[in-house]
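One structure is given below, represented as structure tokens, and several questions about it will come after.
By written order: A, B, C and D. Residues from 1 in each chain.
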Amino acid sequence: MRVTWTPSRHPDDYPFVHRLRVRFAETDAMGVVHHAAYLPYLEEARVEYLRSLGHPYAELREEGIEFAVVEAAVSYLRPLSFDDEVDVHLVLAGATPATFQIGYLLTTGAEPRATAVTVHAALTRSGRPTRLPRWLTSLSPPPAAGHP
Amino acid sequence: MRVTWTPSRHPDDYPFVHRLRVRFAETDAMGVVHHAAYLPYLEEARVEYLRSLGHPYAELREEGIEFAVVEAAVSYLRPLSFDDEVDVHLVLAGATPATFQIGYLLTTGAEPRATAVTVHAALTRSGRPTRLPRWLTSLSPPPAAGHP
Amino acid sequence: MRVTWTPSRHPDDYPFVHRLRVRFAETDAMGVVHHAAYLPYLEEARVEYLRSLGHPYAELREEGIEFAVVEAAVSYLRPLSFDDEVDVHLVLAGATPATFQIGYLLTTGAEPRATAVTVHAALTRSGRPTRLPRWLTSLSPPPAAGHP
Amino acid sequence: MRVTWTPSRHPDDYPFVHRLRVRFAETDAMGVVHHAAYLPYLEEARVEYLRSLGHPYAELREEGIEFAVVEAAVSYLRPLSFDDEVDVHLVLAGATPATFQIGYLLTTGAEPRATAVTVHAALTRSGRPTRLPRWLTSLSPPPAAGHP
């Protein structure tokens, strides 16, 4: 696995936060949010983070760049329920010329609910690996510095 | 609405059947299958039906034809639960040069669980309407003859 | 089908509106939003509508009432794309003692993208039909008056 | 993270396999299967694995035991496409009295497409941790012996 970063459980360690609300469709017969539904939460937060940087993902795609997910890891701490307001805290946790990783902390109120890491590669529209955009690698701390 | 056909609750009225099993991910906090999860069931059955006709949907797409859903209506009779084996009965219920409709009956054992109708249009890869393939219109009963 | 109401394409005919944004996870290989993803959009708008009436759905569920979907019909007018901001316009379109129907218009900017109707029944926690809450039936126009 | 096992890319290292087919609804606008859709694939394979052991998950749930996902990690090697037939190879990769982990390899033909690990805890119906069933811990290799 290329995940090299361990997500913190402290919101202060994350420079960006996106709030969303749990849909009923995302719950399962255990009465809580299904574990697969967390990945679209991370994605939604990622998209808002890119927008906040002035690089909306829809524009990147029009320019011919896709950010494929090459790895995803989620640690489920306490279940989420229907109608919960969830804060997805996000940090760019390292980049190489070809991949970057993002760390996440999900909280409701002050309570940690889940942590996650996703690793992404830049692809051309035809699916070939390509270099990450300059603005992204320049933003990112070196991956080695990622970790306590 | 262009749906002109009322689905029967008798499996014998359907020439094709596809069996699938309910995933846990498809349930919701009511303990039953979420209503949105039925549409992928219909789609899965449609794909198997096209395969059974010798026209796999993946091949149609490679030839540049998409079947967009222009309408969908589902009537939920009795809830489905995790691990249920569901028979999706299917009938081509009418076609015009530009659209066709498909009727569905979902059963578990002999018990009706839902009925549905979807209406489809043929599109080119760039999203423009195009004529339905000949083999499809020739297969289909005229829409007027659909059902009392 | 019990749907007795035809949804208008004019936002002014809808007293409530909820805005959401298309997730990448909701798109499909045609490059647009998958038709099944519309149902959770309607549900999200319904939940916000109930909240705006002072009756959050999460509270109704705690009191032991579920609103099961007994019918859903969607008419797809023009596809939605990733990152679109979608306004889901909503109207309570009729109620009987046991069921109510809701009409929807989805727009981006001023452009209609889809219309829909869902029909709901009130259930107890154990899945038995029960009467709709008074506040709901008193709010609702009689179904016959729904719409031409 | 509690994942202690690294999944092999050799089908022979997995004693169980479940085949499924990619639904169109599971693809996204990149033209391939969305990364969140893999988790329900793993779950479907897990459910079939438990059935093959004579312990269908639906029965376990009726007896009051849930297997909550406490961690999930997926490594995406090569994208899956609509209509692909996917073999989900599965191995019980270790257990403690309270949790067990399962390793997965997804292949199409002989080609590896993804690997994954999920970690599970046994919960009572009210969500409290409970001991794993005896048949499960006795089946499982000790976690230390999992894999180099």
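The criterion applied here is as follows: contacts are C-beta pairs under 8 Å (C-beta built on N, C-alpha and C of every residue); 3 or more make two chains touch, one makes a residue touch a chain.
Small disclaimer: the values here were computed from a predicted structure and weren't measured.
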| item | value |
| --- | --- |
| Equivalent-chain rotation between subunit B and subunit A, CA atoms, steps of 5 degrees | 180 |
| Most distant chain from subunit C by Cα centroid | D |
| Subunit D against subunit C, contact positions shared by both copies (same if over half, else different) | same |
| Pair of chains joined by more contacts [C-beta pairs], A-D or B-D | A-D |
| Whole-Å separation of chain centres (CA-atom averages), subunit C against subunit D | 35 |
| Inter-chain centre distance, subunit B versus subunit D - centres from mean C-alpha coordinates, in Å | 30 |
| Averaged-CA centre spacing for the pair subunit D and subunit A, given as whole angstrom | 22 |
| Residue numbers of subunit D (touch at least two other chains) | 24-25, 29, 36, 39-40, 43, 61, 82 |
| Chain contact topology (line, ring, star, complete or other) | complete |
| Subunit B-touching residues of subunit C, taken from the complex the two chains share | 1-3, 6, 29-30, 35-37, 39-40, 43, 61, 66, 68-76, 79, 127 |
| Residue ranges of subunit C in contact with subunit D within the complex | 24-25, 27-29, 31-32, 34, 36, 81-82 |
| Contact footprint of subunit A on subunit C as seen in their complex | 21, 23-26, 39-40, 43-44, 47, 56-58, 61, 82-83 |
